[in-house]
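These notes are about the structure you will find just below.
Per-chain residue numbering starts at 1, and chain names A, B, C and D are given in the order in which the chains are listed.
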Amino acid sequence: MELPEPVNITTLPETPLESGHLNHNDFPWVDQGWGIEAKILQVCDVTGSWIIMNRFAPGTQLPTHRHSGVVKAYTLQGKWGYLESDFTATAGSIIMEPANTAHTLKVADDAGEPTVVFFTIEGSLVNYTEDGTIWGISDGHTQLAEYIRLGKEQGHDISAESIL
Amino acid sequence: MELPEPVNITTLPETPLESGHLNHNDFPWVDQGWGIEAKILQVCDVTGSWIIMNRFAPGTQLPTHRHSGVVKAYTLQGKWGYLESDFTATAGSIIMEPANTAHTLKVADDAGEPTVVFFTIEGSLVNYTEDGTIWGISDGHTQLAEYIRLGKEQGHDISAESIL
Amino acid sequence: MELPEPVNITTLPETPLESGHLNHNDFPWVDQGWGIEAKILQVCDVTGSWIIMNRFAPGTQLPTHRHSGVVKAYTLQGKWGYLESDFTATAGSIIMEPANTAHTLKVADDAGEPTVVFFTIEGSLVNYTEDGTIWGISDGHTQLAEYIRLGKEQGHDISAESIL
Amino acid sequence: MELPEPVNITTLPETPLESGHLNHNDFPWVDQGWGIEAKILQVCDVTGSWIIMNRFAPGTQLPTHRHSGVVKAYTLQGKWGYLESDFTATAGSIIMEPANTAHTLKVADDAGEPTVVFFTIEGSLVNYTEDGTIWGISDGHTQLAEYIRLGKEQGHDISAESIL
């Protein structure tokens, strides 16, 4: 088999794409009630992937939810886990949640400091009430809208243009 | 239009999937030479997505490389950027690199401490020499094999089974 | 900069992974009512991506739905579109739907033959009633369970193990 | 636990996103030599995912290649497979290739008609020579550039703007 010229990337592109950058410290924590603060820092208009950082008060418990895509998380500080799992996440913990994972996030009562987590999420969350029926659905776009709305109520000037 | 019974996830699954968890502090930094230390903490056998953490010495410069998929990065400490971009990443910086981004990672000479970054990567990297021709290609699987090989040489017992 | 040995895939892996294969003609169309027949042919336990083939009767209209991830579709035969869009898809049509796209699938009344479409889907669908409130949610896993359940009712022996 | 207002997508978005549409019959087959014709119909600037349709002459064999991301394929007509696998793909065949799959595409000598396949691909391909060393690398962007370049040489007016 005699090989023709390959379709090739053996040389660098002449006009490389730019990476996006922000520092989350330039963005406000917005209080969502319930012991939850959040920053929405990236939402992809093509795939729906998003980045959320959360700061949870000790003892915080979220409604049980189910994911439609993969989640990867890095814990910066604090102490938390899922009621359905037996691990305890602390600073340096990495969590990988396959699509269709369902769980109840619980911050340890004795966390001793706010729990801060960096999440990359694909797709949506379905939230359930305690009796197992549906309560609501959110995704990167709805979370971003809520981040802007609550942020403005709380005196912060947040715009969709400033995130990644 | 009269609606039949929906195909539905309005109730929780009876047997929810488990999330994977590890703490990167339980894994050794492996010296790759050149001012680079690494930990490979997740590799997906379906999509090829992977998680790598790097610790770079001040002044470290990597070969120019190009990505075949999306990269998202969180900076834990230090000071770094890409020669082709004008941002400076420090603790709390989030970087989003679209597929086909090509760049040269450079750690600031005056970083003052090791630079530590958490990366989630889709797909492979093509590395180039300074004259722009191809030098090598790596992805999550090759990086994991290298992490295990170098780790063993450096006295660490690392296995593919213990990562996510 | 003197380059060390690259981490490299310049040689072939010794134990390459296998591709999965099936022919959809070996799987039954299952009647979901409402002019809709379906085959669920792949569901990924990691990402939640899935492949569905649909055969729609002329004139079929689905409930308005919204996607949490990307959809790509190839039309094999027939004539269809979305009420919210102005294209008409026929044999050879390719459709690309970004995450968060919401639309109402309508098969042309004069399609003249069943409309057959191959869909690759990331994540879930939220279905709405005509007054815009939520009616139900489905994803690859729920659709597969429904495909198996309805298939058995209709005399077909379908198992999750036989799909990709 | 008293639930506050959910962040929610229980109502339809007011300004839904548009889906992209094209019919591949409106795009020319471009001869790449070697028994291969191709159309590049979608390239994502964020994720690097792409859609390629190929028409292969009976007996065509491609260089062995390795993928950095997932591939899903639908066979429209013809007869083909991989030298490393034991399936034979014909009209209606669906193939799912995990990331890092490496294989040698071979069209049956007795295919009796051109083999036409619809591929959705994540990321890049590394192509090898027969002795197992690297020959070239391609991805959606390089394939698109080549489709336009060869297309113009062959008298077709193709532009990147007209694909998805």
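In the analysis below, a contact is a pair of C-beta atoms (placed from the backbone, for glycine too) under 8 Å apart; a residue touches a chain by one contact, two chains touch by 3 or more.
Computed from a predicted model, the values in this text were never measured in an experiment.
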*asked:* Following contacts chain by chain, what is the lowest number of steps it takes to reach chain D starting at chain A?
replied: 1
_Among the chains here, which has the CA centroid at the largest distance from chain B's centroid?_
C
*Shared interface numbering between chain B and chain A [over half = same, under half = different]*: same
*asked:* Using mean CA coordinates as chain centres, what's the gap between chain B and chain C in Å?
replied: 31
*For chain C and chain D, what's the span in angstrom between their mean Cα positions?*
17
*Counting in whole Å, what is the centre-to-centre distance of chain B and chain D, each centre being its mean C-alpha position?*
26
*Which residue numbers or ranges of chain A touch two or more of the other chains?*
9-10, 13, 17, 44-47, 49, 70, 98, 100, 124, 126, 134, 137, 139, 141
*Which of the residues in chain D end up touching chain A in this complex?*
1, 3-4, 6-10, 13, 17, 32-34, 44-47, 61, 63, 124, 127, 129-130, 135-139, 141-143, 146
_chain C partner contacts - residues on chain D that touch it in the complex_ = 9-13, 16-25, 41-42, 49, 51, 64, 66, 70-72, 74, 76, 82, 84-85, 87, 89-98, 100-103, 118, 120, 126, 128, 132-134, 164
*How about chain B: which of its residues touch chain D in the complex?*
44-49, 67-70, 98-100, 122-124, 126, 134, 137, 139, 141
